[in-house]
Amino acid sequence: MIVSNSIIQVEHLSAAYQKNTVLTDINFEVKAGTLTSIVGPNGAGKSTLIKTMLALHPTLTGKVSFFGKSFEKAKKQIGYVPQRGSVDWDFPTNALDVVTMGLYGKIGFFRIPMKKDKQKAFEALEKMGMSAYANRQISQLSGGQQQRVFLARALVQEADLYFMDEPLAGVDASTEKAIMAILEELKKQGKTVMVVHHDLQTVPEYFDHVLFLNHTVYAHGTVEETFTDSNIIKTYGGNMSWLREGDKNVVHTTS
Amino acid sequence: MTFTAWIIVTAALVGLSCGLMGVFLILRKQAMMADAISHTVLLGIVVAYMVSQQITGMSMLIGGILAGLLTAFLVQSLHSMKVRHDASLGIVFTTLFAIGVILISTSVGNVHLDVQHALMGEITFIPFTTTYVPGLGDIPKATLLLMVVLLIVVFFIIVFYKEWKITSFDPVLAASLGLPVLLLHYLFMTLVSITTVASFDAVGAILVVAMLITPAATAYLWTDRLMLMLILSGGFGVLSAFIGYGIAAWLDTSISGAMALTTGLIFIVSFLSSPTHGLLSRWVKPKQLI
Amino acid sequence: MWSILLHSNTIWVMLSTTILGIAAGVVGCLAYWKRQNLMSDALSHAALPGVVIAFLIIGEKNLLILVIGAAATSLVGALLIQWVTTSSRITEDTAMGIVLSVFYGFGVMLLSIANRSAGGNQSGLNNFIYGQAAAMVRSDVITMIVLAGFVIFLIAVIFKEWKLYLFDAGFAQGLGRSIKGMNTLYTIILVITIVIGIQAVGVILMAAMLIIPAVSSRYWTHSFKSMIWLSGIFGGMAGALGTWISATGSGLPTGPFIVIVSAGLFLIALLFGKEKGLIIHVLQFKSQQKQFTVRKKEVS
């Protein structure tokens, strides 16, 4: 069919929550080494898309392949950063330990993390500017710091493809910068990243590809070509007006 | 050893194994599963009795483990059909318990199985049925069983330590790393069931619940480190056994009841005074800052 | 078989378990939407020490006094759960487990003292704790009916406030309703229902009376009002049928049979329920799948 360097192929994917169909006939392909933001209004199914692709939510129809393989076979090459709120931050453990968890799949059963594993985890924390907090209990970290720990945990997985669910939601400016620097670095290493993103303003600055989602794909492509007013209006519906005020893009909701 | 010593040793063993399992139970937000399994184990024991027509440690253990797994399985299934977790738990354990009570009152008759006895436990009788173990001499059967169970629990906690940690903290990540999350869940529930059954005959269902939940919750108020939490929880369990026995002897009352009460007393003291997460820390800390 | 029904005491017992079932079903709906299904389990266990203390004080089995004792420690349990949950990192289910086992253990201690001191008098007490509806006398039944009726009345009379409170407590507060007041009322209603039910089904199975009918009714309707009606009906049916079955044999316990009937109604709801039942669910999934395949063919 299509011969390309696409590493993700999604064909006719759909998913539902009981009666409500959340995703309808999703089709897209993602090329290696790209940084894609998934944008769309609330309830558009952005998180569901990621979860369905990673087999964390049942598929109604369609199929997804990674590197030309099924998810099961490509699992080890994929890293997933869930929303920060998905875990209990009161869990009795420290930052370094959480990052080390990213290596548990590789370490395997019946073996404890070695010094070199801890070292690797520490380096990842260092990269996120969190080395000073390695022994800090996770309950005592700020929201931004927790997000950095999550990112560091994804880094140690050394995956080729990353999915991140709202990594920039509710974090401070310096954390946002640190995270984006890491994403740029991943891209330079030839890795592929898909990010659920809520802030339209920063799309052109942070990403090279954009996928407009509102139950189905409205547009998908490079930011230069695809990130247009008409696509934004199409995706966000008539209730939304999109104004360019000088350099700033502002979304006004009329509802 | 004297009877008193055996009773305390037995209760301390219960405190230790339950204390260790309890830590993961509450971190997995499954505290009430302890309540559920400790009740449905009754059904397992009744059915085991009906099948084998005798009450031996082995048939009881198998029956109880199967009942525990059945509970975990049914709760999981109902939950996957979108019944809320706590509601599934409430439906499953009350129904299985009801079946157990009906079986006792109809077919099994009035054997050793007395619902009241099973729930309250009578640890006093433990030293009467002993068995000979080379090297240790005559030791009560229930105590021996609990020793074996403690070894099993410790073994599995050590071997799968990092797996318990990751599946408790972030099961989604564990799944995406390719860990068999569901299998580990059932292994965990098997361990809880083994601990419960072994403790059940010795101390009764309610003390099992108390020992599974309260010492672990108490430890959670003192520390932010998993390893320390495990040690503290086991320690609080053993301490409750000792103090509880003292109270029971002093008031001449139910030993299991007194031990359960003691776990609660230790919790309340910690709740008020723990420097990290206790109530007092909230009033004291701000002053220190000023 | 019908002669059982003619036995006058059975009719009384059946009447009381039916009313109890209705009250528990209705209150169970409130607990369901408050997301506190297992609270009833914790509070019914927490009633034990209160019952025994009341018994130790008056030295005989008088339902009203025992119920007051039960309500007292149940309420203390409820307050402790709330206090521990709001002022520490302990989660609600853990707090419930603690209160449940520790209070019950304390009750067992007291019971062992009561059994020692009260001589032969305690058999009535054990019947009360482990549920033996057949042991109830007419005055017990009247006490139960009055209290259950009171609970149902309290729910019916401010029905829309309950709905608002359960659906969106924050909004209710914005409208000037007192959340603290509603919380207190909710706890009182829950405790009354639990303590009057203990006599009929026992401390352990009381939770089932509140949980199962409410969950079953959820499968048949999306409306809060019909859910309450249905839950009450399911609860009443379970109470009546369960009592009847247990009356057909001698020495059969009432509580477990009520629970079994209730569980049967739940299974039916789970399978055939109009709104969320399994069969409907599977059909919906299949039809959605079909819809997509058809659309896909049209496209290609």
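Think of it as A, B and C in the order they're written, each chain with its own count starting at 1.
Basically, a contact is a pair of C-beta atoms (placed from the backbone, for glycine too) under 8 Å apart; a residue touches a chain by one contact, two chains touch by 3 or more.
Everything numeric here is computed off the predicted structure, so don't read it as measured data.
Any chain bridging chain B and chain C, meaning touching each of them, is among A; the list is complete. The most distant chain from chain C is A, comparing centres defined as mean Cα coordinates.
Simply put, of A-B and A-C, more C-beta pairs touch at A-B. Once the centre of each chain is set as its mean CA position, chain B and chain C turn out to be 25 Å apart.
Each chain gets a centre from the mean of its Cα atoms; for chain A and chain B, those two points are 40 Å apart.
Computed from the mean C-alpha positions, the centre of chain A lies at a distance of 45 Å from the centre of chain C.
The set of chain C residues touching two or more other chains comprises 89, 276, 281. Residues of chain A found to touch two or more other chains are 18, 139.
Chain B has residues 29, 82, 220 in contact with two or more other chains. Across the complex, chain A meets chain C through its residues 12, 14, 16, 18-19, 21, 24-25, 60-61, 90, 139.
Chain C makes touch with chain B in their complex at residues 32, 35-38, 40-41, 45, 84, 87-91, 93-98, 100-113, 116, 126, 130, 204-205, 207-208, 211-212, 214-215, 249, 251-253, 255-257, 259-260, 263, 266, 270, 276, 278, 281. Interface residues of chain B facing chain A in the complex, by the touch rule stated above, are 27, 29, 82, 159-163, 165-166, 168-170, 172-179, 220, 223-226, 228-229. Of all the residues in chain C, the ones that touch chain A in their complex are 89, 276, 281, 284-285, 288-289, 292-293, 295-296. Residues of chain B that touch chain C in their complex: 26, 29-32, 34-35, 39, 78, 81-84, 86-87, 89-91, 94-95, 97-99, 101-102, 105-106, 115-116, 119-120, 206-207, 209-210, 212-214, 217, 220-221, 248, 251-254, 256-261, 263-264, 267, 271, 277-279, 282.
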